[in-house]
Each structure stands twice: as C-alpha cells, then as structure tokens.
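Remarks on the structure that follows.
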Amino acid sequence: MSNFTGITATMNPLAEMAQFKQNMREVAASPEWRTSKLIERQRWNPYSMEGGSTAAISGDNFAIVASDTRMTQNDINILTRDAEKIHVLNDSIILSTSGFYGDVIQLRKVLQSRLHKYRFDYRADMSADLCAELLSRNLYYRRFFPYYTGAMLAGIDENGKGAVFSYDPIGCIERLGYSASGAAEPMIIPFLDCQIGHVTVAEDYEKPPLTIERAISLMKDAFRGAAEREISTGDKIHLVIAEAGKPIVQKFLPLRED
Amino acid sequence: MSIMSYTGGTVVAMAGDECVCIASDLRIGEQMTTIATDEKKVHKVSDKVYVGLAGFQSDAKTMLEKILFRKNLYELRENRKVRPQILSEMISNLCYQHRFGSYFTEPLVAGLDDQNKPYICCMDTIGCVSAPRDFVAIGTGQEYLLGVCENFWQENMKPEELFEATAQSILSCLERDAASGWGAVVYTITKDKVNVSTIKSRMD
Amino acid sequence: MVSTEVKNVAAHMDMDRGGAFDFSNCIRNQAMCKMGAKAPKLTSTGTTIVAVSYKGGLVMGADSRATAGNIIADKHCEKVHKLTESIYACGAGTAADLDQVTKMLSGNLRLLELNTGRKARVITALRQAKQHLFNYQGYIGAYLLIGGVDPTGPHLYMCSANGTTMAFPFTAQGSGSYAAITILERDFKVDMTKEEAEKLVQRALEAGMHGDNASGNSLNLVIIEPKETVFKGPIVPEFCKRPEPNDLVYKFKTGATKVLKNKTFKYDIIESMDISH
C-alpha cells in the first residue's frame, strides 16, 4: 500500500512556500527539457511482482479461499495461465498468496517443513491458529529483507469455526471475517464490505445471512468483477472450500482470458 | 505521493434509463489532514449537465472557471443549451491544450442530452475521453469504485434503482479510501428534475 | 451587435491560442515535482495494432482496451482512426495524444482534399504526422500505423513518436505486437486475397489480445480497397467474453441507503424560444 508521505514531509508552511518559490526559480532557469534527459539506469531489484489476486471469506463453520491463476511479468506479459497461488498445507490449513512468486515458494517450503516437523514431534496435524502464529513469526523473522508476499491463511480453527488471517509482508497478523490481497484487492474488498459486512446499507435494511452457498457465489462474482477491470487478474478462479468436518474441496472456474 | 491524492476526493457517475446519477464525497484534505468536510466535487454546468472534478482541488477550481467561461461563451454564440457531448469535447480540448504542464484534475461529465439520452464520460488529466455506456469513476477511489460498480450496475435502471446503486457504490468506496470521505452527495438527473440527496456515510 | 461583442471578447481573451499548446503550468508543475509530488497516471493504449497489405488493398485492425496503470480505463475505445475515406491510422501510446494527433491529421487532410480537389495520398498523411511529432521530439507519445490506398496503390507506414518512419508490407505495434508479429511472420504471404488478409489480421490481433494483459476486450477492423472501405467491429473473440454470468443479482431496494437531506429542483420549462412579447 502506498502511504501518504512525500511532498516535503510537512515543514512549516512559510518555509515550504519559500522552498517552492526557490524551486520555481531553479526550474525556470534550467527547465527539465533543456538539460538532456538522463537515462535512468535500471538498478537490480531483488523483488518482482507476478500480479494476480486472492481473497478469503470465513463463516460459522467454513472458510473459502479463492484466487485467479494468472501469473504475469512486468504487468504486461503472461507467464502462465495456471499458476498455483493457493496452497493447501494440511486438512485444515490453506495458505493463499500474492506478490513475489519466488518468495511465495520459499515461504511455502518453510511452512511445509515446519508442519512436517510438528507432525513428527506431536503425532498430530497443526491447527490453523497455531500455523497462523507460526507464519507471522516466520515473516517477521525476515524483517529487514522481507518475503514480498501478501499472505493470507485460512482454515478451520480449534473450535471448528472458519478463520481467515491476513498479513502484511513483515508479519503483522489480523484475524478477519474476510480479506483480499494482490493486484485487485482494492476492487474486491469494498464489494465484500458491502455484501458481507453490510456496512453501507441502512440499519433496518435486510441483511441476508452468510451461508456457504452465498459466500461461494459472492467470491465468484467478486473475481468476475475484478477480471473485468484489472489487467493482471484472469484466466481461472481457483476456489478452495474448507468446511468443518469435511475434506477440503478444490474447484476451477473459467474467467476471461484477455 | 502523487499530486492527484494530495487533496483527495472521488466522483462516480452511472447511466440508467433516461437518467444519470453523479455522486461525490465531501472531504478536502492536505495529505493526511482533513481541511474541510463540505466540499462537493460535482458542479452544475447547465440544467441537465453536471461536471465532477477530482484530483488537486486548487486546479479543479481553476478548471471549473475555465469550463464555465467556455460554456457561457458557447451558449451565447450558438444560442442553445450545451449538450454533455459538446461539453466533454470542450473540456477535452482544454485539457489537451495543457498537454505539457497539465492541470492536475480529472474531469467527469454526466448529463442528459436534448433527447434525454444519458451521457457519461471521464478523462485523464490531459483530456483522453472515455465514454462508456455503464459507469465512470475518477479520483483517489477510482479502483475501489470500478470493482463494485462492475457488479452493481445493471441495464436500464430507473432513477430510484440508479440512485441506490450509485449511493451503495460510493459508500463501499468510502469504506476503504482514506483520502475520501466525510459524507457523500448524490445527484439524480432525470428528464424533468434533479434530485440532490446527502446520504449517511462513515465520517472519517 | 451582441454576438460581435462576444466574438471580440473571445478573440481578445485568445481562448484557444490558435489551438496551440499552453505551457503556462510547466514551471509550476516541475517545481511541484521537485517538492516530491509524482505526476499523475495517464491513460495509455497498451495496445495491439496490426496492419497487413494484400493484393490491391490493406487491412488494419486494433483491439479496444485503454489502461491507466493496471486498471482498464476504457473497454471500448476506438483505436482505428479515420483520416480520410481511404486512409486510416491505428495508434499505440498515450491515448490523448493519439486522439488529438489523428483529429488534427484528418482535419488537415480534408482541407487539403478540398483545396486541391483530389484525394489525399498516404505519404502526405505520413509526412504531416512525422513533421508534427518530430517537432515535439518524442514528447507527444503517439506511435502510429498509417495506411491506406491512393492512386499509387496500397501503402502501409509506421510512424514513431520521435518522427522515425518506415514502410512495411505487414507490421504490428504496441505492447501486444510481440505476440501478433509471430503470427504475421509465420503466415504472411505476398499477394494474399482479401479474405486471407482479413483472417490473418484477426488472428494476429487475437494472439496479441490473448497473450498481452494490456490488450483485449474487442477488436475493430478496417478493410481499405480502391473502390470502397469497409469497417468491421466491434468483434468480440470467444476468449474475451465473460465465460459465466454472475451468480447473484445485486439489486438494492429503495431504502437501502439512508438519506439525510433531500432536495428536488424542477427545471424551468421554456415553452417557446420566442421572447419578443
């Protein structure tokens, strides 16, 4: 997320104005177009962004995670049309990711090996709550060279309720009812706010309860809407449904391919 | 930070069956600080033609004066009311004149023409017109709006439905856009009247 | 009387500066940039445009997506611009520049045709475009494919934003050109029929729209022949359609939004424009 910093981090207004006038004089004396354009050297960047988006909804006894399956390079070129951005870690934990795919793979490997070790040590699968905390710590561990991912962890928690945990790249963790991350996050989130959070409608207006069917439909429609307007989202919806006491179901649905 | 989100602000317009809706938030800020909470970004140009100006509000004010000047001159010279199509062309040319050294404002035109056909369009800062038949959005909340409008817009909506769809879209956007907020106002333009509604929204 | 006064005022205010650019904000904007403000995103047509010549004619085509950053600003923008009856231009680059440059070209060419009483030639359109663009040293971001048929036969030219021009039998431009050109290189033949050329252009465009994020939605074609010019579009390829409709209908009943204040303004109805009595 871009933050509101920048324009000469508010000094006193008079000094700011004086600075602005000084700049006006300097620019008038040698305009940008008169000095030959500097070639901006591309510095090596350890990160890249592969686009795409994911979203998750949790309910009483279910959690739904969805993502598109497009992977892009430089926002323009399509690398693959069936990239896996949702990783089912065990019977109750689903990791969904966006951002730098290299880090995504590394992060998944780390989590998988930790989960494997947990099972070896305790003879039981890790629960979603524990894994959520583990992921947070693993992300913060890399505080100064972070995994560049917008991760979300969803699943069924120890009480049999649906859970969605949302993270920033350095491990700030939050348990939410619904969340989205990736390129189309700004398009999906307000839609879910309106349809699941019901924060925009009048108090006395009807608010349909969030059943698993409704959640699935909302999720599909959110991605269909996003694919219409966001260039790096498309190809397929990867839908993963976890319901308490049932095995995880995975589905693929078509999206537009252009 | 981009100059376009310095003051913040969002405008959206939707087209329906012989009606259009145009809505804006009411906040003006100086980056993170809110300066005023009663600044409409939608302006009346003529009975059935409204413009929205998002982006840097100092430039928006200047731009509005230039637009009104041109529109008055047009109406005097041609002796007829300005149509939204004509107005958008005028604004587009005005913006493009400032191609190098532009005004940091994105104009949006919404209105009914003389046949009461709805017309909506939005532009970038240098006057590239995009005039779809469904909805347009500009300002800091553009991305948020496009996502929800895509699902909320339907063919041939009547004024009441159109009002609800537009209001819900901008409310959803204000939920997540930090640079817009402090209430919203919705103009519903129909063939015989304009309805101006101030709607309840989160005040932050 | 009044109208002459208005005209004088208009002339005095020098409203349009003869249609030329106004640089009065330049210094201010650059100073603002120095203060740390970033320039706004412009709408660009990250495009696929394709043109192919065949025996006695020319087929040109473009997709219809305009993007601003990673969002689609316009799903159905018109990138095949008509310059004259038999000269068309497809554009990639900054959308506003393309609209205005092609508008200027079509105006100038029409004036030329009226003044000379003959049809304008493609090379004239090209020369006008390149001189205008060269003047602005590439700052006007218009990358054009100019093509058409004139008495000297079918011609196809590419004109870059800095004024470089080249002639081609077939070519593609824009961000989707890599995908499109592969199809053209493989399947282009000299002296194709009209149908073959049209199919080839459509296939090249579809490749561009499919493989490139910034192209898509629908395509427009124009087939230019000495006798007639046919415009086809918008054509929506199968992969550009929504594969499934929405599950739910999001209709809000009246009362969904809480209205705090409501005012209605009725228009003044003027029965007649006659104000003499």
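By written order: A, B and C. Residues from 1 in each chain.
Convention: a residue touches a chain if its C-beta (ideal position, glycine included) is under 8 Å from a C-beta of that chain, and two chains touch if they have at least 3 such contacts.
Given the structure is predicted, the values throughout are model-derived calculations rather than measurements.
Looking at B-C alongside A-C, one finds more C-beta pairs in contact between the chains of B-C.
Taking the mean Cα position of each chain as its centre, A sits at the greatest distance from chain B. Averaged C-alpha coordinates put the centre of chain A at 30 Å from the centre of chain B.
Centroids built from CA atoms put chain C at 24 Å from chain B.
With centres defined as mean CA coordinates, chain C is found 35 Å away from chain A. Annotation for chain B: residues touching 2 or more other chains are 1, 3, 6, 143, 146, 151, 168, 171, 200.
Residue positions of chain C touching 2 or more other chains, listed in rising order: 26-28, 32, 36-38, 71, 75, 139, 246, 250, 252-253, 256-258.
The set of chain A residues touching two or more other chains comprises 6-7, 200-202, 221, 224, 228-229.
Residues of chain C that touch chain A in their complex: 26-28, 30-32, 34-38, 46, 65, 67, 70-72, 75, 139, 175, 209-217, 237, 239-244, 246-248, 250, 252-253, 255-258. Against chain C, in their complex, chain B makes its touches with residues 1-4, 6, 47-48, 55, 70, 73, 76-77, 92-93, 95-104, 106, 123-130, 132, 142-143, 146, 151-152, 154, 160-161, 163-165, 167-168, 171, 192-200. By the touch criterion stated above, chain C contacts chain B in their complex at residues 2-3, 6-7, 10, 15-17, 19-29, 32, 36-43, 66, 68, 71, 73-77, 94-97, 99-100, 139-140, 246, 249-254, 256-268. Those residues of chain B whose C-beta lies close enough to touch chain A in the complex are 1, 3, 5-6, 31-32, 143-148, 150-151, 168, 171-173, 175-176, 178-179, 200-202.
Within the complex, the chain A residues that touch chain C are 6-8, 16, 19-20, 23-24, 26-28, 31-33, 51, 72, 75-78, 183, 195, 200-206, 214, 216-218, 220-221, 224, 228-232, 253-258.
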